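Both of the next two complexes hold subunit A, though its partner changes from subunit B to subunit C.
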Partner chain A sequence: MERKDVSCDVLVIGAGLAGMAASLFALEKGLVTAQAGLPGETLFASSVLDLMAVTPIEEGRLWEDPFAAIAAEIAQNPAHPYAKVARKDIEAAFGAFTGFLAQAGMPYAGRDGRNVEILTPVGTSKRTYRVPESMWKAVLAMEEKAPCLIVDFEGLKGFSARQIAETQKADWPGLRFVRLDFPGMTGDLYVEKMAFALEGESVRQALAEAVRPHIGDAAYVAFPAVLGHYRPGKVFAEMERLLGVGIFEIPTMPPGVTGLRLKAAFEEGLAGKGLKSLFQKLVLGCRVEEDGSFLFSMGRNAEEFTVRAKAAILASGRFFGKGLKAERELVREAVFGLPVEQPKGRAAWHQKDMFDQAGHPINRAGIVTDARLRPLGADGLPAFPNLYAAGSILAGQDWIRMKCGAGTALATAYAAVNDIAAG
Partner chain B sequence: MSRKPKRIETQALIIGAGVTGAGIARDLTLRGVSCVLAEKRDVNAGASGGNHGLLHSGARYVASDMEAATECREEGALLKRLAPHCVDDAGGLFVAVEGDDERYVADFPAMCARCGIEAAALEPARARELEPALSGRLIAAYKVPDASVDPFMLSLDNIADAGERGMVFLANARAAAFTVKDGRIVSTLLFDDETGEETEVVADQVINASGAWAGIVARLAGLDVDLVYSKGTLLVTQDRIADMVINRLRKATDADILVPGGTVSILGTTSVTVEDPEDCRPTIPEVDHIIEEGAAMVPVLETTRYIRAYAGVRPLFGKLASASSQDEDGGRGIGRGFALLDHARDGVVNFATITGGKLTTYRLMAEKAADLVCEKLGVAAPCLTRETPLPSHAGGKWTEPGLAPRTWLARRDPKDALLCECEMVSKGVVDELLASMPRHKSGPALLSLGLRSRIGKGPCQGGFCSLRVCAHLYDRQALYGDAGIEEIRAFLGGRWRGVSPILWGFPLMQAEFQEALHCGLMGLELHNHKSRKGGA
Partner chain C sequence: MTVFRLTLAIALCVLVAGSVVMAARWFSPAGRRLPACASAFGRALFRGRFLAMSRSLILEILLQFHVLRQSPVRWLAHFAIFAGFFGLFFMHALEPVLSRPYFPDYEPTLDPYQFLRNLFGAMVLLGAALALVRRLAVGRLRRISGPEDWLALGLLFAIILSGHLFDAAKTLSERSFDRMAADYLPSPAPEELEAVKAFWAASYGSVFETPPPKDPQTVEAGKELSDASCAMCHAPASSAFVTRPMVLALQPIAPEMERLRADEWLHDAHYLLFFLFIAWLPFSKFRHILTAPVSLLCRAAAGIPGEAGGPAAETRRAMALDACVHCGACSLVCSVGPSYEALADPAVLPSEKLKSLFAYWRGKPQSVRDRGRLAEGSFTCTACYRCSRICPCGIDLQDLWLASKRELNEKGPKDPYVFLRGRAEIPPPPVETLMRPRRMGAAHLPRLTGDPGTFAPCVQCSTCTSVCPVTAALGASPDDIDASPHQIMNLVRMGLRDDAIATRMVWNCVTCYKCQEFCPQGIKVADVLFELRNLAHARLRDVDFQDLGDPPRTDAATGRGA
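Coming up: the complex of A and B.
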């Protein structure tokens, strides 16, 4: 097989949110960018973009102003990655990122400087910062506690409109629900197929006809997130026109269409900007060249080609992303063998209670960096002058409990790319 | 609650729905005695739900306790014949590896023979042909008639069979107080810890079959039953590693048995003295110790994927316990036989306690206890459980791995969607279970369903199926309001006990993903203040 060795300014390692954001920002800075990793739709899950909503997590304190929450968190925990990124850069990162997604057909909505709330598939509410436009009216409906109809489908498991309405009943009595057959499908339904079907006009019309008799006084109609896969904007607008009321989507259990949409938008949009995509390939090894650039050995199992990169951004995620590997007693960083800050011994990794308010200590483990987001080696100095880390692999955050995952990913990717571009 | 308690009259009240209580209920109803079976939580909430599931041939006890060995041999054979649907008659091996005590190995066949237990010598190479996972360092192997048994099916079928003859089963009914007058228990107060509801049972005879809790229950009547608690931890592998039961051929100690459990294998156990029978959480040091020991026999246990750990507490009867307290192995040297105590001797004429023993000998324990009750009641009918096969029942059958998938595949009903995809439990099965569950059963529906089926027992450990089943329970109007949040929290919290000690490698990745789903997206950790009654 012919080897296709690659040469670039920056290699982004990882294809989750931080990796995608890093590639985007690097391309927009005019850097020659390559990206490796497995883009999994589950990595993007519900597709809402959290910034910061809960701190201190021990108290479960919810914040309306995410920037005030960040300030409060940093005051208490200076190790949080946000401590290394200025507010204006966080805002710029969100702006650039959602701007790109809008162009790629996935517009986002939100309120500057304020968190919003949407409904989850178990009927709880979730606080977040930016939501796909298809979920925006959930925010409005919930604020108004407006009369609202939730539609679900016979055969779609794990999504019960009755459950959502029941769970919200005390606060939101105007929520009603109806179960319908999905046009042209029976048996076990899969969100991907439903979303694809709804790209066809006749299915949309049939669905609208089935919903219409149930609308009554509802100001909004809600659906599980199946309104289109490749052209969600069009499907959404058409459904809204056909029904004559505002509509919104509620995320489904993963793997959901919401994640697939993001994955498609990234893959297409970044390719359009000239990304050398090495998706499905992993970094197998790495050597530093005389001029200081990295020479990465790449492949699935054995070396298939090399990538020469002047700089690299490690955005390989945590355990699920495979950036961190947990042996029985020790957590290791998978690509460079960087030191991982971690609680000592497995007994200290997790709490006895799964829902312990303090969160699990292992979820704060990760890579420690200097102020420029360069991982530190065992000697406390940057392990490489041109290696950066971004996203959930960074120590000092519990992104799940703090609801700061997307924000940390975007902010640190943005800061790392700026540093590379400036250097 | 100030509601007037419900009142039930019966001939016999049995306290504790482990396999012993379930067996007594069946035995008594077969003799025409009416009875009530009261359980503080749910079927097999104690040791019967936290054991190894080994139907002992007796070979494990040939050196330490000949009587127990002989009982196991007889009862094991009976159960294979009378309740074959509960048994996987896999056969067993005893194997020694380099470094094991060669004297014990040499004496083993004679000790088995003395107890009437067949033990056929195998060449180590032949043993490895039968079980390729065995260590290459075997020095001896014997084949014995061990088997594995599904303890949930066993208890549920005993209870269902007794129920068909009029036995009343009360779950969430903790024996909380006795009224004792003139040396008789005239009534027993049962308390529902979920709802606070009270039930009064007036029974001619009261039998305490509460296992490790027997001392606590006896104390309600002012009596002392001196128990030592010994916790045992077990580990479940993702795949079935061996077809047969594999025992280490040495003096019984930690982590020396691997038992097949349907599609998985179960490795254990430890033996740790604990202060409280409720303290049955598997710990990280126990898990690591079990793996190291087990790997000497079956090396792949070092690297295989585990899906959870669990633990149960053995009650060791005090007099026996103190007699051999010089034993250094934390209780294992203590007799594993059972104790049947007629408290008439202690001044309470209609009260007896049965505790200890083994799953394997539950029928015999039930027979002895029922003999005593019948003698006191003046009932002459003989025990029938030695001959009468145990029928399979709808409420019990779904604990069997593989049954739900087979049924689902055979039914081919496109509307019967799978809610638990790991273990292939469909809506239809859940509906059937809902219908078969005790009607007055209060408390978490998801946990009850989990106990009666394979839901949550596969590799996802409930991460996905808890959500799907919960949604379905709303659709079936079995849940209202925001009760589902607490249902999911309680179910996942329960699974966490078993998962948290094995979180490295793949299970840790999975736990992180589920945390992202349950906490990141759904915010379940933020909703504890909304729970129905403060959470468990």
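Coming up: the complex of A and C.
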């Protein structure tokens, strides 16, 4: 096989939200950027961008102002990664990130400094910070408690319009539901195929025909998030025009089209900005050169090529992303073998109650860094002067329960890139 | 000379007869195919394909830019042979009918013609050497290269080398010198002849039995005489940059060559080798000189993919079988190339499958084993279209495979899934086959599907199914998807490998690798599907198809062959 050794200013390790954000920010700073990892996990993203909504999680206290929530969390838990990023940098990170996605055909909406509320596929509501424009009317409809029709499809698993309406019934009596056959498909439905089919005009028209008799007094019609894959903006606008009422999408169970859209936007948009993409390749080993730069050995199973990088950002995620590896008694960091802050022994990993509102100690395990987001070695000093960590691999946060996953990823990636660029 | 004329006449007859037989094969039955082809051609012109055909003529047929885009080395090798060979053909071989009548000052030993002949010769030698090195250096190419490939290269070398050696031998020869001197130096004084010999020995390298003097005065005197009598037909030796080094190298054995009359038999050998080339042309890969342009023009006229069926498509298929140069480009890009490594079955590779198909369609006797291999290769193909796209001769290979699969499914051996379905109990290969890994390849070893680590991270998230274009294409008829990719992964994880092999999905996979690329857990989904197919093929080799309800074979061969 042809061997192509790569040389760059920064290698981003990981291809989830934090890794993609780090690559974007680095490219925008003019750094020569390479990125390795499996981007498949982006498929699990709902595409809504959380900042901070719940703290303390033991009490389940919801916040409208995410920055106030961040201040409250840091006051109580100074180990949270947000403690290392200034508010203006968090805002700048969101601005740059959503700006990039808007250019890639995925515009976002939200209210500055305020969280908004949307519906989830199981009918609960969720606070978040920025939502794709295709979900913005969900925010408005929910605030108005406007009469709505929720559509679902025979054969689509994990999305029940009836369940959503039943769950919200007490607060939102104007929710109605209908189950339809998806035009031209039978048997098990897969969201990617539905989204692809809806890029075709005849399928959109057939769907609109099927929905129209059920609209009645509804001010909005809600669909599972299948309205287009490559050109979601066009599909969305066309459906709205055909139905004559406002529409919005509700995220589906992961993996979903929302994640596919993000993945496509990243892969195309970042390539357009000059990213040296090494997707599907993993870091197999690493050594430090005399001038302090890294020489990474890259490949799938055996070394296929090397990457020489002046700096690296570790955005390899947690257990599902394989940045952290759980052994019987110990959690290890997979790429560099960095020390992982963790509960002592497996018995201390979890609470007795699986659904304990306080979350499990293992959820807060991760990599500890200095104020500049450089992982610490066993001696408490930065393990490498030019290695940074970003995203969910960082210790001190429980992103699922705090609703701070996207924000942590964007903010820490932004701060790490700034530090590298300041060099 | 009459012998040569006779040989040439025979060679030309063979060339014409061979070409006519070949063309007849393309268009027979003529009643059906000829009108269809004529109307297809007319339609192409009518629909404005004329521009595309002109473009193909200049860019593809003459300049071969499509090869340059694929591989500069291959282009250099082929273009050097092509340009050099045709340069020699028109200027040198057709000298009596082209060069002499149309270039009044033409003389083979004058510049620029002498220089050009050497240049063209050098181009062919360089191109052939590059081709040789490439065939030896690229592993898969070396393995599929057969006697015909080596013979063809050898013949090219032999024709060009014999020509230059003849030229060198003539320059060295005293007898040649004497003959020329008798014609162009009328009654010279002995010291004048000595002087000319001295000059020719010094500047052209001719060798004389009694060495002429080497002193500068004599040589200078010889130069003056030579300028007066020889220079009008003899350019300086330096422009013969291929022949010149040969002359210098052969000087030590020149007397021996003279005694054996090497110039004469090298002359004969050069002619006869070229006549051999002419006669062999329609029966060897050299026929691509005739067929590749036709095939490329057809592609330009019909577009790709061309018409799926009908007599015109049949003609194109027949033509395709003759247009192949066995360059191996398709086999180097084949998406199921790894199956060739695993199954050790050359018929997996397009260039080899074409040969097998050639035998099958031309009704040549094939052993049961060869037929089995053709089927194995045919059904391993995923119709990914890479071979059609790369073929420098414009052959729509994929169309051939689709046609041959249809035919095999009618006449057998059929698609393996047809046998395997509902017959999960196919015996594993007997031990003695396991002991012969070279024949079996590595296909009988469940490397991925036997390793629990392959599937451990699978969370059945169904991403692989969601992105699969095959399940999307077949979505309207659920019968065609008996199992989706994530379900196959689960079957294998549960140890139900045989059930997985017997699903239609395994055989419908087009190896686009989307599943593998999108899998959030990095599971080698497509590689697993691949391995299941290879396992099935390896096992089917040791199964009696008749027991499985395969229609009785018409082949004369008996038994399964080793």
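Everything below uses one rule, namely that the second predicted complex is superposed on the first by the 419 of 423 C-alpha atoms of A that agree within 3 Å, B and C clash if a C-alpha of one lies under 4 Å from a C-alpha of the other, contacts with A are read in each partner's own complex, and residues count from 1 in each chain.
Quick note on the criterion: a residue touches a chain if its C-beta (ideal position, glycine included) is under 8 Å from a C-beta of that chain, and two chains touch if they have at least 3 such contacts.
No experiment lies behind these values; they were computed from the predicted model shown.
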Partner touching more residues of subunit A, whether subunit B or subunit C: B
Partner chain in contact with A:302 - subunit B first, subunit C second, else both or neither: neither
Partner chain(s) touched by A:196 [first = subunit B, second = subunit C, both, neither]: second
Subunit B versus subunit C as contact partner of A:254, first or second or both or neither: both
Partner chain(s) touched by A:186 [first = subunit B, second = subunit C, both, neither]: both
Touching partner for A:422 - first (subunit B), second (subunit C), both, neither: neither
Partner chain in contact with A:371 - subunit B first, subunit C second, else both or neither: neither
Subunit B versus subunit C as contact partner of A:280, first or second or both or neither: second
Partner chain(s) touched by A:40 [first = subunit B, second = subunit C, both, neither]: second
Set intersection of subunit A contacts, subunit C complex versus subunit B complex: 186-188, 254, 320, 322
Touch list for subunit A against partner subunit B, complex: 42, 45-46, 50, 54, 60, 62, 120-127, 154-155, 157-160, 162-163, 166-170, 179, 186-188, 251, 253-254, 318-320, 322, 326-329, 346-347, 349-350, 352-355, 357, 360, 362-363, 399-401, 403, 405
Residues of subunit A touching subunit C in the complex: 38, 40-41, 43-44, 184-188, 190-193, 196, 254-255, 260, 280, 320, 322
In the complex with subunit A, residue positions of subunit C that touch it: 461-463, 465-467, 471-472, 475-476, 478, 484, 517-522
Parts of subunit B lying in touch with subunit A, wherever the complex brings them together: 281, 284-285, 288, 414-415, 417-419, 464, 467-468, 470-472, 474-475, 477, 479-482, 484-485, 488-489, 492-493, 496, 500, 503-505, 508-513, 515-517, 519-528
